[in-house]
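Have a look at the structure that comes next, please.
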Amino acid sequence: MNKKVVFEAKNLCINAVRDDGSELSIVKDANFKVREGEVVALIGESGSGKTTIALSSLGYCKPGLKISNGTTSLFDQDLTSMGIEELRQIRGEKVAYLAQSAIATFNPALKINEQVTESAVIHGSKTQNEANEFAKGLYHSLDLPNPEFIGARYPHQVSGGQLQRLMAAMALCGEPSLLVLDEPTTALDVTTQIEVLKAFKKVIRERGAAAIYVTHDLAVVAQIADRIVVLYNGDIQEKGTANEVISKPRHPYTKRLMQAVRPLPAAGKKTRLNKTDKVIEIKGVSAGYGGDVMSKPKEIILKDINLELSRGEVLGVIGESGSGKSTLARVIAGLLPSFKGEILLDGQQLKPRLEDRPRSELRKIQFVYQMADTAINPKQTIGNILGRPLEFYLNMYGQKQKNRVLELLDMVELPKEFFTRYPHELSGGQKQRINLARALAAEPEVLLCDEVTSALDSIVGANVIELLRGLRKNLGVSFVFISHDLSTVSAFADSIAVMYKGIIAETGSVHKVLSPPSHPYTDLLISSVPELRVGWLEDADKNIQKAKNLLEKENIS
Amino acid sequence: MSNNENNEDKHYVAPFSKEVSFDELQDAPPSGKFRLSITGKLGVIVVAFWLFIAIFGQFLAPYEENDLPFPDDYSEFQKPRPGAWLGTDVDDRDILSRIMYGAGRTIGISLAGVLIAYVIGVTLGIGSSIAGSRIDQVLTQFFNILLAIPTIMFGLVVVAAVGSSIPVLIITAGAIFSPVVFRLSRALGMEIMVMDFVEAAKVRGEGYRWIIFKEIWPNAAMPLISDFGLRFIYVILFVSSLSFLGLGVQPPLADWGSMVRENLGALQYGESVIPILAPAIAIASLTVAINLIVDDVSAHAGGKLSGRL
Amino acid sequence: MFRIILTKIAAGLLTTLGVSIVIFLGTNALPGDAAQIRLGQAATEDSLRALREELGLNLPLYQQYFRWLFNFLQGEFGTSLASGNVTIAQLISDRYENTLIVSTLTAMIGVPISVGLGIMAAMFPGTIYDRFLTLGSVTLVAAPEFFTATLMVLFVVFFLGIGNAVVVGSIEDKNLAELITHFILPIATLCLVIAAQLIRMTRAAVLNVMNSPYIEMAILKGIPRRRVVMRHALLNAIGPIVNVIAINLAYVVTGVIVIEVYFGYAGLATLIVQGVQTRDYILIQTLGMIFCATYVILMMIADLASILSNPRLRHPK
Amino acid sequence: MSLRKKGPKIMGDFEFSDLKLHQQQEIVNAVRKGATRRDIMTWMMAAGATATTGGAIFGSASQVWASTPKRGGRLVCAGDQHGPADTLDPILCTASVDYWRGRMFYGNLVRLKADLSWEPELAEEVLVNSDATKWTFKLRKGVEFHNGKTMNADDVVYTLSRHMGEDTKSIGKSQFDMVTSVKKVNEYEVECNLETPNADLVNSLGTFHFRVVQDGVEDFSTAIGTGPYRCKEFKPGVRTVGTPFENCWHGPGYLDEMEHFGIGDPVARLNAFMAGDVDMMVNLPGKAVKEVEAAAGKEVWSVESGRYTSIVCHQGVSPSNNRDLIRAMQMCMDRTRVVKGELKGLGSVGNDQPINKAYFDYSPDIPQRELDLDKAKFHFEKSGVGSTTIPIIAAEVSQAATFQCLALQREAKKIGMNIDVQKVTTDGYWGAVWMQGSPFNVTTWNMRPTANIMMTLAYKSDSNWNETFWKSEKFDKTLVQVRGVTDAAERKQMYHDLQMDIHENGGSITPAHLNYTDACASYVKGRTMVPLNNWGGAEAPPYIYRDDV
């Protein structure tokens, strides 16, 4: 209680200035404090203003935003009244920032060490040599491989997880009193996320720095935060110690957030399936990139894949990035022709190449992309987007087409007014629903869903899964549901295929796959899913290490 | 709201009502529909003015392009005065009328030339970007070769071989500028081709026509339009460079480039500089106006971060 | 990386080869053949036939092409048709010095200044300085070269009273001061011409990079503006900037016809105009090849520069 | 008939430098002591100059005469079009830059004077037989080429024979094609035998293409001639530099160095001249005359000439062979505007025939055709052309070439004649348009040494350059006959008839004769006034000097 206040926001209001000069309130009257050695989590969904608030602690607003009222202060110094030069002295020196994507925030043209040390050197707190030594120490404590030499590399030469940790080093090199971490683990695979989280926690504790941790993931917050501030639409809804907020949420919004947290991986409800009615059979398929069409590719991604999908079944495909799960979907869709093996649709062999497949076959398999932002054409109205498959596959025109589009909108729980709107007028979740509706318009037998929820906030994602469940029940469509998120998959799928380095590591019903003894990689995945309880991180570590060791042995043999 | 030290550390719950649903928030409004800045609007006004003159100028002009306002006066480059509001030119003709006649010719030639360049460049560029690597390589290599040939030299040889006439100028300009347009539209096409929505159309089984006209074109249009403006300026410059070498629009036909050219020599000794500079100012006003619009179109995004330095 | 460089060089050679075919076929499609032009009005059937045989014009087109290409590669450009007895090599060697001095000095003076101004504009976007520069370069882009040149002459020579309105005499006879006064105008005009485009493109390239997250990161690290622009932004903008520089330098060598005519000095660009006027196909072919090769080489250098400036290509994983 | 003339020394038309050194000094001294114009004239006539030339010039230029040619200095001369086709081979010369260079480096057998009469130069004596079919040239002895060789008959025979034969490339061959043989009589005597009489042959030999070169020379990358300057540097299309040739038979050139190059663009050329970067420029546009006259130390160098610009009416095709249409167009031509508006008075009104008062044989008795819309209308209606468009193909082949078409078009519109001026590029005009069958197109002619040469080239039925395709047996006959006529009155009448014939029945609409108008700095002295080309007929190099050294 008596600890010194490092950062304080008082009645902070931040507005966005539109092109026409009108203003939109982004942060409304926010008040909170960060004390020495304390980690305060700002939690909320996209658009809640959490990043905006976090950045205000560096005296910074994104272009187009401005502080309209209130103050932010660092060690009782008012940041809002400082000039650019004064702010420059503080940034990097007293307060440091860690962004969501290290790949984007590292300058590709400069060596890592220069970027890590430059802030400290420029602010004069260290000489270049001191900074170099200090950085090496940080690399050690962040468990980076090759700490002596990693700094001499360029950003593209190290992995994403390492880069994320290097960004922590970059922030810590100036020994700041306040760290601002903006979703620093969100872009990472589950297994990597745990490692990075662990490293962050370790250095924060070691250095005794205060931190503002911005995230939408309650489970992550539970592992690292001392206090939690819950935001919605620029307003603080609830704040308190981590324990209090997580164990006894009081505000309805906080409660909703808690509900949306993915349940632990467990077998979902059993659906009765006719296992003999196969929609898709994949037999010995191999595929890869490079080289000529139909000949053996230069880089093989998928090796000898065998899978089956019954009518009405949901097959979850899980694995980390690079495991080949998206490639599998592309092979089924015909975007990437396989060079070996065959795929059967309703017992009929599919041509490997998309161009060779008849329209009737194309209609039966529909692809749903991960990023709704890029998957729907920004220059077409929703009516056009949804109408096109209708006229293309089903020869449906005019009023009939329009009626069907409205039905589809209804089916994905969107209002009819959306018919004439453009995609940019919709929110992320709504776009993803349009994305789904477009696939459904074709009246397909199989939906290939590629990470359809991973770009969405937890509540929105949960809603989309709910929608999928309903559709499946009503329409009897089969799903190939690709995700890196074991909890989502286990909640929705009937069976699971675990992919690891281009092969199917394990496959079977959800129950079978999730219950031990399983493949060590599955084990690793299961134990890496964070639980919503304080102290899980430390507990999980043992299991994760065990799984990792097993996996290594497996690889060797 | 006043929060003292003690309040701050207490568990805080904002007031709420049961009705509030806490729905998903709308995405931040898009950085906006395209709107013109003040300078952009000024540009539009000037361009519109010149387009009007280009179409109707020859009907509104006080004289025909080679008429003499003062037949009994043998002195050129007279000061503006009633009867010749912008003065007279090197051959004692009315500059105002010639600018009005020239507007149609200059703008017409440039517009037609750029249109040809765009028809060739965009068709082949976007076609190349979706046609697959073989055709793409051949086309790219071909246009690279054309790019390597200096424009003015190319124009010179063609015009010298077949003679200078307005259709020849238009076609030559079109041919000269098509490689640049090709390169641009190919790059744009490539960029859009890898977008998921194009792939979605492919997975749907759409043919090239749909992909080109419904998926790629609407997204490529804006950048292409902004380049169109710049290209237009370059064609004006190209034709006036040819005029300098005696190969452009042939006098006595009025066109701005050759008007600048034929009057320029008198800058040292002409009685009034207004008629001498008027055609140059016409070119400058049109091109600057186009640029102002182009800047607005292309600066839609960009340059915002450096304001935070 | 060497693979990439080799591919680039191979592509450059391929382009040059393609250019040679286009130029050869293009000049062959022009009316009249070399023999007719050389003999002019004195041509008789017999003398034409004899000269065609001598020049190899009776061979099939592809053989003529290879013969020409082979000779060209050996540096045997042949004899000018217009003059009848002066070799093309002689004509070129009489002029390359002027072209070289103007293009080199323009590159040395105009390019750094323009790029610097462009960077400055990108550093302070939206300020009066930026607006002034942007508007200035827009106006310059729009001005025909001969117009800029005339204003320069009026201002520098007749108003300020320094410099020469034309380049007189040959380079060897001049001391440094004379070189400066004689070449100041063509170089200054040319600098203005290329500055217009360079400033705009540099500004755009730097601003484009300035929107990257790593620039925001640099700002948040408290890096001073100068270092953000010069080290963080510029290093990533080198590729496009070098590309624009290369295009403009190629223009300075090959496209300066108006400048050369206006300032009365003999350079390679006017030589091609004269070649066209006198229907001197051999001259057109040779100069065309030299110009295109200049362009290809400059673009190749630009490509290499942007490869070298990009660590991803320089140090593949 | 004997056309024997003798000259002890090459004579300039009006130039001080023509005089012997002691004569020059005497004049200078006399002027210093306050001698009057009359004194000088009398004195000059005693020295051999004609009274007419003396009278015309001395009055305005006594101070010029008062100064002695000075040696030294550098002169930079700016020509216009130049390029790789620049040549030092006299028989290939086509441009004024070539003519000027030729005079720097070479000499002719005879030289032409301002009134286009001739006097001996490398030939000491010229003899012709009575029917002008045999010409004999007695060569000057002791004339040295730049390489030290002495000029003799072999060199002259070689020079002249280069104009002969089917496949000669000589530009001047039409003036020499009546010559059947050139023979060396002895070391210093050459004889030409002609197929048909030509009393004007010797005038031709004074022109640009008949510069004397050394026997057997084929390489013209440098010039080995007998002229007052030797070729120090010659780069086609770049520049030419000459330095004085010490052993020149009439003395070396006055300048230490003469540099000569081309500036194609008229605006740039004028700029260069006004800025003082060049000392002389060719083709001063009429509209800049005022400026040059107003500038300190700059002078216009304008020579009245028979050069003209004209619209050609093809007599072999319709509608250009319609006499009434031609007459109507001739009467619509606003000649005053061409001369006053475009040429700014540096030219004279044309009369639809090629000969003007610059020629010796000009007939002043032909009535001047004026702008007369009433008569024009009468003829136009009579022609029956009506509203049919009359196309004129124009190119700016000389000053006013396009302008004359516009001056015609404007007036023609008033009587309902619909003229369409189709402008094409100058480049390629002579090959693609001129004499290629179009009914109306523009043309331009430089002045020729005699009226007969001029009319023969452009109007004789069998001339290659009979651009109007006019065929008149009577005209042709008279034209050939008059070459042999010695009686002055008869000759005058015959030339009058010839000119009248073209004026009345020819196919030319000739609105103006153009001066050769150039400009030079005031200190450039020793200018000649030969009206055959720019810069005083390119005859000045032996005399020109700088007054300010």
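We just call them A, B, C and D in the order they show up, numbering each chain from 1.
One rule holds for everything that comes next: a residue touches a chain if its C-beta (ideal position, glycine included) is under 8 Å from a C-beta of that chain, and two chains touch if they have at least 3 such contacts.
Everything quoted here is computed from the prediction, not taken from an experiment.
Participant: Going by average Cα coordinates, which chain is farthest removed from chain C?
Facilitator: Following the centroid criterion, the farthest chain would be A.
Participant: Weigh C-D against A-C on C-beta contact pairs and write down the one with more.
Facilitator: The comparison resolves to C-D.
Participant: Whole-Å distance, chain C centre to chain D centre, using C-alpha means?
Facilitator: Those two chain centres are 42 Å apart.
Participant: Provide the C-alpha centroid distance between chain A and chain C, rounded to the nearest whole angstrom.
Facilitator: The separation of the two C-alpha centroids amounts to 50 Å.
Participant: Just curious, how far off is chain D from chain A if you go by their C-alpha centres, in Å?
Facilitator: Centres of chain A and chain D (C-alpha means) sit 90 Å apart.
Participant: Would you kindly tell me how far, in whole Å, the mean C-alpha position of chain D lies from that of chain B?
Facilitator: Spacing between the chain centres: roughly 51 Å.
Participant: Can you list the residues of chain A that touch 2 or more other chains?
Facilitator: 60
Participant: Which parts of chain B, given as residue numbers and ranges, touch two or more other chains?
Facilitator: Expected reply: 160, 244, 264, 268, 304-305, 307-309.
Participant: What are the residues of chain D that contact at least two other chains?
Facilitator: 265, 267, 271, 274, 427
Participant: Using the touch rule from the top, collect the residues of chain C that touch chain A in their complex.
Facilitator: 212-214, 216-224, 227, 231-232, 235-236, 309-312, 315, 317
Participant: Spell out the part of chain B that touches chain A in their complex, as residue ranges.
Facilitator: Residues in contact with chain A: 1, 3, 8-14, 16, 18, 20, 22, 24-32, 35, 195-197, 199-200, 202-206, 214-215, 218-219, 304-305, 307-309.
Participant: Once bound in the complex, which stretches of chain A touch chain B?
Facilitator: 1, 10-11, 16, 18-20, 24, 29, 31-33, 45-48, 60-61, 63-64, 84, 232-233, 235-241, 244-245, 250-253, 256, 333-335, 354, 357, 359, 362, 366-367, 369, 371, 374-380, 388-389, 392-393, 424-430, 438, 442, 457, 459-460, 463
Participant: Chain C touches which residues of chain A in the complex?
Facilitator: Contacts found on chain A: 55, 58, 60, 62, 87-93, 96-97, 99, 101, 104-110, 118-119, 122-123, 153-154, 156-157, 170.
Participant: What residues of chain B sit close enough to touch chain D in their complex?
Facilitator: These residues of chain B touch chain D: 66-68, 74, 76, 90-92, 159-160, 163-164, 244, 246-247, 250-253, 264-266, 268-269.
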